[in-house]
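Here it is, the structure, as structure tokens.
In this document, chain identifiers A, B and C correspond to the written order of the chains, with residue numbering beginning at 1 in each.
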Amino acid sequence: MIVALIFVLVAVGSVVFHLLSPWWWTPIASNWTYIDATITMTFWITGGVFVAVVLFLAYCVFRFRAVPGGRATYEPENKRLEVWLTVATALGVAAMLAPGLFVWSRYISVPAHATEIEVVGQQWRWSYRLPGPDGRLGAVETRLIGPDNPLGLVPGDAAGQDDIIIEAEDLHLPIGRPVKVLLRSIDVLHDFYVPEFRAKMDMVPGSVTYFWFTPTRTGTFDVLCAELCGSGHSMMRSRVMVQTAADYQAWLEGQRSFAQLANRK
Amino acid sequence: MSELAHGADGPIPAAEVPEMELPHPHGWWTTYVFSQDAKVIGIQYSLTALAIGMVALVLSWLMRLQLGFPGTFSFIDPQAYYQFITMHGMIMVVYLLTALFLGGFGNYLIPLMLGARDMVFPFVNMLSYWIYLLAVLVLVASFFVPGGPTGAGWTLYPPQAILTGTPGRDWGIVLMLVSLCLFIAGFTMGGLNYVVTVLQARTRGMTLMRMPLTIWGILTATVMALLAFPALFVGAVMLLLDRVLGTSFFMPTLVEMGQQLRYGGGSPILFQHLFWFFGHPEVYIVALPAFGIVSDLISTHARRNIFGYRMMVWAIVVIGALSFVVWAHHMYVSGMHPWFGFFFATTTLIIAIPTAIKVYNWLLTLWHGNIHLNVPMLFALGFIVTFVNGGLTGLFLGNVVVDVPLSDTMFVVAHFHMVMGVAPVMVIFGGMYHWYPKVTGRMLDSAMGKVHFWVTFLGAYAIFFPMHYLGLLGVPRRYYEIGETSFVPASAHDLNAFISVVALVVGAAQMLFLFNLIWSLWHGKDAGPNPWRATTLEWQTPETPPGHGNWGRELPVVYRWAYDYAVPGVEQDFVPQNQPLPPRAQVAKGDATP
Amino acid sequence: MTGTLLFFGGLVAFALWWLSRQGLAAKPWLESGVPGDAPAGDTTISAAKIGLAIFMAVVSTLLVLLLSAYSMRMEMADWSPPPRPGLLWANTAVLVLASIALHHAVHAAKRGRRDAVASSLLVGGTAGLFFVLGQLLAWRELASAGYLPANNPADAFFYLITALHGLHLLGGLVALGRTGTTLRRAPLARLQLSLELCASYWHFLMAAWIVLFVALAFAPPLDWLVALCTAPLR
């Protein structure tokens, strides 16, 4: 009796906690509302299943608890019931999978007009590189990294001369323009993670990974590292400022290109 | 199918099985230490796993202290914190859960439940335990070497695992990899035994479809482990060479803290593929024995046949096979080819179907049962709740695009602790309360057991259920401290402190369990041969605890499946597997149309 | 990973085929009594042979995974394999000889010819030993030419794969040695099983070596296989 009641309380308590929880995802600042919608739908389906299972368990514990002289019913299987349950489960799974795969196909198809920017991770800081007026990022090689070429740009590549290098400062992005973020690491795995953007991807030394999104809300957002990268992992921070086009332009004019940085030295 | 019913009219004499040439012990050392008796080896495995598990439990306390009360405990610096999480994870997954389910329960139960005298290769079996012990000792040694144990995370991802930014880079990682290789070698010896024993040493009448689900779970998990561990072995050896000889299997061109390293040309993703090719089956290597054991607990204590036995067997086999084609769902955001996402999301969600069937069948076994709410049953119920909870959150993480915001957050930590931490541990406890009377001849104290259950179950739920919401909020995992952020409210820190306090309480409750284990050895109620009135063979041994060779002079003969509870027309509410009468032909059956 | 998946597909297919013959569709609750007169366990094949077969499956998994890792790495642009020492051909021949000798030993034992068993074992063991020595010489040749494990992944793979194969071969030599020492005392009928086990293991080592040798020395392009398997994804 008490046991059944406790199980009911576990189910009800979980739902109440879910509804009253002050801990919920951060207000979204990118185009990935689809992802939030898929999570919400998954919550409804799985939450319903969880409550149903635990309540049924509690009912069984209450209704079929051992009593003196009690005896179970002998029933090795019930094909119809099993088939129905299997079909219902398959439908529920498909209902979650189909939208998930649909959103994933959007997630991996980058719009053709997206601006490419580069994020470089190293223990334990972030650097950024914007393509400059020519709209192209220059070639890089990890071998070339040194004190006066922190991101390893190939000096002979014309496309790289106007690239804007941002070290130890915030990244700025204009609102409403899709961005393809190219991710590069020069030492260990990192992961460029801004909770408000929802999107993220690991950075793997030796290769370039990517994801894309469109900022939809101005503001300043924390950048964290989401892949264990050594003892400074939790201290690896930066910020992204999403600005209106005018503000962004003003900021951009104050930045220096690779060529300018090279000449200064 | 009816042809099997012939000869069911009377007891059939035991088969003329020649007594196995058992390596009988000659004195104290070969009885209790270098024993070749699978039961003793099983107990040795269990005790060693529990002992190293206690270390991992203490480590979890330390890391919860840091997370709940950051900055309060000065001896926990980031290096120490990452060492704690790494060792906690690796010990719990490999050295506790895998070793306890397969080495502990497997060794003790396989010969007994199948009516065998012992494992088929007793000497190799003994060797398996001693190599496991050596692996544990090498692992423990890493706490005492300069630099301490590795802090690379239990996934040991290169390049980080062998670079200087990670604690334990000098000796810790080397000992960890050596220990893993030893564990795998030892396990392979044990695993060969388990499989061949199931295939070869079953007693007369024990067809595959009469085996208890415990054996099905352990058998399938062992086959999976034999095929999955080589991937970890290969990965570990290659990483070891990268670390020691300076090869570049996993190491691309790197600049570490401004220094160009000699490495070049390796692929870090390759390690992740190898690791998760082992790592995902590993989840089911832990889960399948738990599925099997919990089926038997539920059936026995609900006094009802397991519902849908055939479906249960098929589901175990299907899950085992499918679990080899889902590994890359741990790598959705690893930068692998994005097309893989479609394939692995689909396979991952398909595996939910056989798993759900198992859950339904456990529930339907309870339904119309005669449920005795004793301690093993309580733990089985606790398993269902936590497993269903953790399994359902798996549908979030397996669905590739939903995984993108949630990966590497506390949501993942909460998910896998619920589904492969708490749930299997519930089964381990349930199994220990269930089989302790057979191992020792005495019952574990049930009052202590109930306290232990409620604190563990409600506590663990209170730890891991709210933790999902920290993950939704965006708190990343493996963070020494959250630090200054704009998106984490102060209340989240309170929640963290709450979780830490509960974790300390739940940990303390395990001390009660250990006390119970020791106290009941002398003060437990006398159990008798079959205290739970169970049908399976291990409860029908002539002696309790069973002697070496298990069965006295004659092997048991099996006449029926393992779940004849409350058979209509039979007065007693259970019929042991080795009991020939009453003949089943006289029993009225609704669907008996062969 | 294509190779691995194919290999696993094979193993799974075998397991399912075997299970399908075990009456998994039976309704055990409808059956009581003892099926037939034979014990349920399939005792026509000895436990040791099944154990060895499973062990060989595990070792194959290990080697197949290594080869997959090797082929994944091979696809990258900067792949430069070391030269193949001509000695490897000789080693291969020696290993084939060992395998033939053990095969001969099994047959000799069946016909009860103790001398022939002894000489075949001796030839087989010596050939095995020479194979290991030959591999070590091949390593030395490569190393002295400057191809060291730390130089590049292709060289490292060569050393790793040959080393793991060599270690398993050393295990085989130990088993062979143990069989050889019991040869004088035990009756031939009791030796039969150990001889068969040794022979199977050495055939396996030889087959594994030939696959590894082909993969290491010739690096056959598997593009067509990859294309075939990934066709639905394109």
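In this section, a contact is a pair of C-beta atoms (placed from the backbone, for glycine too) under 8 Å apart; a residue touches a chain by one contact, two chains touch by 3 or more.
Which chain is which protein? Per UniProt: A = cytochrome-c oxidase; B = Cbb3-type cytochrome c oxidase subunit I; C = Cytochrome c oxidase subunit 3.
Nothing here was measured: the structure is a model prediction, and the numbers come from that model.
**Student:** Which one of the chains is closest to the middle, using the mean of its C-alpha atoms?
**Tutor:** Smallest centre-to-centre distance to the global C-alpha mean: chain B.
**Student:** Report the chain whose CA-based centre is farthest from the CA-based centre of chain A.
**Tutor:** When every chain centre is compared against chain A, the largest gap points to C.
**Student:** Can you give the whole-Å distance between the Cα centres of chain B and chain C?
**Tutor:** 31
**Student:** Where the centres are mean C-alpha positions, what is the separation of chain A from chain C, in Å?
**Tutor:** The mean C-alpha positions of chain A and chain C differ by 44 Å.
**Student:** At which residue positions does chain A touch at least two other chains?
**Tutor:** Correct list: 76-77.
**Student:** Quick check: what residues of chain B touch more than one other chain, meaning two or more?
**Tutor:** Expected reply: 266-267, 305, 309-310, 339, 563.
**Student:** On chain C, where are the residues touching two or more other chains?
**Tutor:** Residues 27, 29.
**Student:** Any idea which chain A residues touch chain B in the complex?
**Tutor:** 3, 6-7, 10, 14, 17, 21-26, 32, 34-35, 38-39, 42, 45-46, 49-50, 53-54, 56-57, 60-61, 64-67, 70-78, 81-82, 85-86, 89-90, 93, 96-97, 100-101, 103-105, 107-108, 122-124, 142-143, 145, 147, 152, 183, 186-189, 191, 193, 195-196, 198-207, 209, 220-222, 224-235, 237
**Student:** Within the complex, which stretch of chain B touches chain A?
**Tutor:** 78-79, 82, 151-153, 157, 159-160, 163, 165-167, 252-258, 260, 266-269, 302-305, 307-311, 333-335, 338-339, 341-342, 345-346, 349-350, 352-353, 356-357, 359-361, 363-364, 366-373, 378, 381, 384-385, 388-389, 392-393, 395-396, 399-402, 404-409, 454, 458, 461, 465-466, 469-470, 472-474, 476, 478-487, 489, 491-492, 495, 563, 565-568, 573, 591
**Student:** Give every residue of chain C touching chain B within the complex, in rising order.
**Tutor:** Touch list, chain C to chain B: 1, 4-5, 8, 11-12, 15-16, 19, 22-35, 39-43, 47-48, 50-51, 54-55, 57-59, 61-62, 65-66, 69, 72-73, 76, 78, 149-150, 152-153, 156-157, 160, 164, 233.
**Student:** So in the complex, which bits of chain B are touching chain C?
**Tutor:** Against chain C, the touching part of chain B is residues 1-2, 4-8, 12, 15, 17, 120-121, 188, 192-193, 195-196, 199-210, 223, 226-227, 230-231, 233-234, 237-238, 241, 245-249, 262, 264-267, 270, 273-274, 277, 305, 309-310, 313-314, 317, 321, 324-325, 339, 343, 557-561, 563-564, 580, 583-585, 589, 592, 594.
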